[in-house]
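What follows is a single structure, and I will ask about it in a moment.
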Amino acid sequence: MRPIPSASQPAVTAAHDKFLSTRETTVALCRTLQTEDYVVQSMPDVSPAKWHLAHTTWFFEHFVLEPHLQGYRSPDPAYNYLFNSYYYTVGAMHARPERGLLSRPTVAEVMAYRAHIDKHVVRLLENENAGIDALVTLGINHEQQHQELLLTDIKHVFSVNPLKPAWRELDASPSSPSQPLAFVGRDAATVEIGHAGAGFCFDNETPRHNALLVPHAIADRLVTNGEYREFVRDGGYEMPELWLSDGWATVRQQNWRRPLYWNDALEAEFTLGGMRDIDPNAPVSHVSYFEADAYARWAGARLPAETEWESLAAEQVIDGNLLEAGRFHPAGTESTGLRQLFGDVWEWTSSPYVSYPGFKPLAGSLGEYNGKFMCNQMVLRGGSCVTPRSHIRATYRNFFPPHARWQFSGIRLARDL
Amino acid sequence: MRPIPSASQPAVTAAHDKFLSTRETTVALCRTLQTEDYVVQSMPDVSPAKWHLAHTTWFFEHFVLEPHLQGYRSPDPAYNYLFNSYYYTVGAMHARPERGLLSRPTVAEVMAYRAHIDKHVVRLLENENAGIDALVTLGINHEQQHQELLLTDIKHVFSVNPLKPAWRELDASPSSPSQPLAFVGRDAATVEIGHAGAGFCFDNETPRHNALLVPHAIADRLVTNGEYREFVRDGGYEMPELWLSDGWATVRQQNWRRPLYWNDALEAEFTLGGMRDIDPNAPVSHVSYFEADAYARWAGARLPAETEWESLAAEQVIDGNLLEAGRFHPAGTESTGLRQLFGDVWEWTSSPYVSYPGFKPLAGSLGEYNGKFMCNQMVLRGGSCVTPRSHIRATYRNFFPPHARWQFSGIRLARDL
Amino acid sequence: MRPIPSASQPAVTAAHDKFLSTRETTVALCRTLQTEDYVVQSMPDVSPAKWHLAHTTWFFEHFVLEPHLQGYRSPDPAYNYLFNSYYYTVGAMHARPERGLLSRPTVAEVMAYRAHIDKHVVRLLENENAGIDALVTLGINHEQQHQELLLTDIKHVFSVNPLKPAWRELDASPSSPSQPLAFVGRDAATVEIGHAGAGFCFDNETPRHNALLVPHAIADRLVTNGEYREFVRDGGYEMPELWLSDGWATVRQQNWRRPLYWNDALEAEFTLGGMRDIDPNAPVSHVSYFEADAYARWAGARLPAETEWESLAAEQVIDGNLLEAGRFHPAGTESTGLRQLFGDVWEWTSSPYVSYPGFKPLAGSLGEYNGKFMCNQMVLRGGSCVTPRSHIRATYRNFFPPHARWQFSGIRLARDL
Amino acid sequence: MRPIPSASQPAVTAAHDKFLSTRETTVALCRTLQTEDYVVQSMPDVSPAKWHLAHTTWFFEHFVLEPHLQGYRSPDPAYNYLFNSYYYTVGAMHARPERGLLSRPTVAEVMAYRAHIDKHVVRLLENENAGIDALVTLGINHEQQHQELLLTDIKHVFSVNPLKPAWRELDASPSSPSQPLAFVGRDAATVEIGHAGAGFCFDNETPRHNALLVPHAIADRLVTNGEYREFVRDGGYEMPELWLSDGWATVRQQNWRRPLYWNDALEAEFTLGGMRDIDPNAPVSHVSYFEADAYARWAGARLPAETEWESLAAEQVIDGNLLEAGRFHPAGTESTGLRQLFGDVWEWTSSPYVSYPGFKPLAGSLGEYNGKFMCNQMVLRGGSCVTPRSHIRATYRNFFPPHARWQFSGIRLARDL
């Protein structure tokens, strides 16, 4: 959306550009929203678009401006209470399930808040001695996470509305037939896992460390809607022997019978472009870990461990159906070979989200960013069709509870050799 | 808001005017709302302002236009599903607690829906043979009920927002000192209760019938904030012997310690004009039946029966702090004598809401309007500071569950002689 | 179970006998229970048999012995906490829904507690100056209430057990065909309602006062299982227009489709004698107020007001299928004329449970006995097949919430004339 | 409890003895229970003692007798429904939270069921061609698990009773002062983990496989009550920065402020011998994973990984405060060196319960035994003071959800080097 900076630009300008382009992208994703759309919270996991716009702004205000810009004053001290997400060490906060009860501040006021913070961050970035580069980079990556959440959340908001509004008109042409699924065999090995080097990463990707691989095979593509539909039609949701105990309890309590956005007839699904026919060649999406695990068992396979995934992905170029592709929905592909590792859907792994050996969280309140969630969540890898390309990498660890379905989350199979 | 029709106007124009002025009043009450404010549902009892605007419109569409205007087509058939409140015999409806999940239709679309229906109702009213006068009158009275709910609901919506927004800037001057409370003695008698005559009434006010009064006395004014605060400070919320069993359970479950909108210090309260000092001479408001009953017991009194209230009020002129007074908040008065019967706050009676002997509900779906709520609710009388003057009368029976507090509901004492 | 006292017995001995025979009856009702059966609480409304045995004992201990027997000491001070039901002014108490979590005191210990209290009450009764007669009479009536509850509760406990145990072997012969239902017409009148005279009554039956009757008719017998089954087969549980709003919500939340103890096929029901065929001529039982009200609407009738019922029953001899009949289940009858007013099933009236004009509760903690429940409950009249004959009278007011079904509660129709 | 079999006994007799002695031990643990104690379920995680006695019996009936004893007939076919715990592939089952609603079958009937099954299993064991040895061994190990659960469950049942009954009179002498905690350093290594060889193990202990250890140190003893009390007094339960996100939510929802059975004053605790003073030198017990993790963070340490624990324990003799010690409560020790690895309390590890690489569950319904719980649970190691000695081994993997506290679960610290 902004011109690519030329190589001759000084560093300060580059930092400006990255900051401002990220901020502008967030707003651009809201372009088609009506004012009313910014307010609604359709379930506790979902946040209103307005909240995402304000919270990402608060992040810069609290972690960059307040400690580093002398004399800085917030336009409204109440924002610290309203837009702190979960940083208990920062102070009390507004309860998450009540974010949809706030009509004020208005969208216009939130946009003014954004402009206010942007102005001050830019000013501070112009001071080369401010020492805020790492924090601003963290803030940019944080905002990119919320760009994805903003889209998955508004998708859920629209999905519960009987009018089934579309976020945007999207290309609805079906994918080309997908090639048969094949498995890539891999030998036992000791591999290095985790991030190292100069680029940005989250603390949970460190430290880089050794891991053991057993002989295994991993699917060369994602499971498709068509394949998953076979599982549904075969009675997959009625066979307790396929499910983890907690998964089966969830299936029965929630009366799950298909992926989150599919209709009863298994023929149409809700998308960011409204209702449309299920594309049998596109990757299945919006399934929980429980469903991914049950599907794999039904298919005589298993899910990959995150070490298996990462050691494979580390060798690949980052490319795929990511945010910049402008599809905003998973897509099938005619190509062959190892594919779809990045983009389309986050891939559930069999790995609980735990710390790497020797993990040290960030100091201070930012230590709450990742570490405290290392319980009752599973790792997902690879990014989705609404993940910005500059945000994803082979070592990136996303995580959600095993019952979560409102993210673009899908399935890649693996098996023991 | 509209010029008073002159006496020489023909009947059709008068019906137009009443219809249109009611419809305009509803919209005028929303004048200060931001678009975002129309969307929020702060608890299941509350409906978003947008919903009130649409539901009252649907009422005219469904009960007036569809059966009486040949060839009428709704602008959107989904509205029948979205904006039916509780008429099961009409068909399936959107779940009440999920009204705040709907960003669409937008406020602008709802306003267009209103204009569309207004145009068609007016056209039908111009046809003197349409036979819709009684239905339109019912629709007008229905809309007036929602004018009150719209205000009590937006008050609740704003109250849960830590920013404590004001609906409007209101006169905040405290009331003059109230005169001492006196009791008006009344003898045993057989009285007639219920509506008779030509004017509009709801079905639940009929049939007019005899009732027995025992000798009793009834307070000449409402209980004030100052008096209720004494009850609170005396430990009223900690004395189980003052409370009904269900009331005490509610006090403990909900951790009630004061009227709904009072602050912890018992010094300020949330109003439609934002937070302001509690006016000790103004009537206490936003108390439940449980609290009214416990207060009366603490005060050595009881609540009046609805027959006692109505037989007394039948002799009074309808006047008081009603919607047209423009205060939008209960107010004290210096005057003496029997006062505050109409306006300020709805007065909890000791009477469960049941049918009058020989009651016949309206035919068809409109029979669901009142009768099916005749269980687990208590009768309130007299209207409040947000009740339109033309809407209230001595025979009017309002009703809410005994735990409800978000209406302008207060206390008048009585006692046996 | 005890010989009837001869007329020449002194008053003291008569009081002894009434006290002891009541206490023995309670124990006799438990004769067929296994030790394990005394422990279980199958839902919060139900109390374990052990608890009934201990609570009725505590009632005598707390209200008779402690204030009137100098130097009395409880065998275990913890019993005051464990076996106080709901007298907040007495002190803190064990939570009602947790009564089934107590394996101790054991049944044997509870029986020893009973013997201990019996001995001391008898000793006090022998002292003619003790002034405890009225309190003991209240205690006896209280215990009779718990005799009924003990049976309805153990019935529920056994009903949730897939083994469907019987409390006792009962006569299972079906009733003779019932005679057609007829209505008894009654004129408008002013009648006196409530208890007066020397015999025992509860405070809620006073004061006696005037009431108005409108012209009406009242059914000469109870609604039968066969008649109610027609309602079920006609789709009564699927027609929202028949139901009160709260009733319809309950039907859907609880998935009600038939009376509490009927099986899916509408052919068998659980009884104190185990599963047995539904007797089409016996009165329907275990229906809630919501169901009674819906049935009446379906039948083109209504439920009687409690004033209508009492003024009719006051003229009748107290006789019927009560506890002493030993049937422990409602029974049909071949007889004609006004019948089944006493016994078989408690009859739901259309009257919310409120105080009579001028009602004064008992002084002290006993004031909590009845008055504090006067909200959200409906009045039932006439006793059931498990009500002791000496316990029931025309003025007796029982009350339960409108959703309650585990009592022997049924339907008598009425209608306006 | 039974004489140790001499070496010259034939194999059949040895199998008899092991089977019968295990069955007798279960009954012996119930020796002090009153009949009422067998019935109660104090929370959904707890099962009544009666249920444990019957379920372990059903296990032999269903998995041994029905497939292997021709013509076998159950004494009551309903038992298959009532006493199946969670084997969905076997068929429908009674709901777990309702186990405390069953007064029947009685204790005597359950004991008769046990005798019936014992007789038939013994008969089958005498047939050397029956091929049931492996299944009986599994059943014995299964019953040993329920011996432990029976005790932890009855402890919970008694703990919620205000009378605080004791299961048995226990030795209440305090432990000798514990020696200072020291850490045992361990180098990076590749180790073998999991069970191999001829002895019994559960499927989840296989296959044996390689694992990597990082350099670390592990505490030579368990954390004591005295040490944990310092954490409580330091405000550990009020510092969100110490807790996992789900843990902090649980602390606030459940209002946790101390280990499960401690009193408010932090001076006494409920034990199987009733209330007694907290022994500061005994290991802390009845803490959840959340508390163990928070304590470790407060102490500047972490919990050990299960690979760290197992590789250390594999070198140790199995000895300690186990069931046969007859203490039934954790105890301190004067000794030094690596200690308390087995017995006293199960030790929370930092390892989520997942399958080992290449894991294959048992075939058929027994595959539901372990594998389906591999989600949202954490591994505990080492057994407790109520674990039979013959049941525990270094490779044994116990697992509970991170919020579970009613087991004897405690803390051993570790840290990175």
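So that you can tell them apart, the chains are marked A, B, C and D in the order they are listed, and the count of residues begins at 1 in each.
As a convention for this text, a contact is a pair of C-beta atoms (placed from the backbone, for glycine too) under 8 Å apart; a residue touches a chain by one contact, two chains touch by 3 or more.
Keep in mind the model is a prediction, meaning the values are calculated, not measured.
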- request: Using the contact definition stated above, find the chains touching both chain A and chain D.
  value: none
- prompt: Among the chains, which has its CA centre at the largest distance from chain D's?
  reply: B
Centre distance in Å when chain A and chain C are each reduced to the mean of their C-alpha atoms: 60
Query: With chain centres defined as C-alpha means, what is the inter-centre distance between chain B and chain C in Å?
result: 39
Chain C-chain D separation of Cα centroids, rounded to whole Å: 47
Residues of chain D touching at least two other chains: none
- request: Name the shape of the chain contact graph, picking from line, ring, star, complete and other.
  value: ring
Message: Judged by the touch rule stated earlier, which pairs of chains are there in contact?
response: A-B, A-D, B-C, C-D
Task: Please name which positions on chain A make contact with chain B in the complex.
output: 34-40, 42, 50, 76, 78, 81-82, 94, 98, 100-107, 157-158, 160-163, 165
- request: Spell out the residues on chain B that touch chain C in their complex, using ranges where they run on.
  value: 86, 88-89, 190, 209-212, 214, 240-241, 243-248, 289-290, 293, 350-352, 354, 357-358, 367-368, 372-376, 402, 416
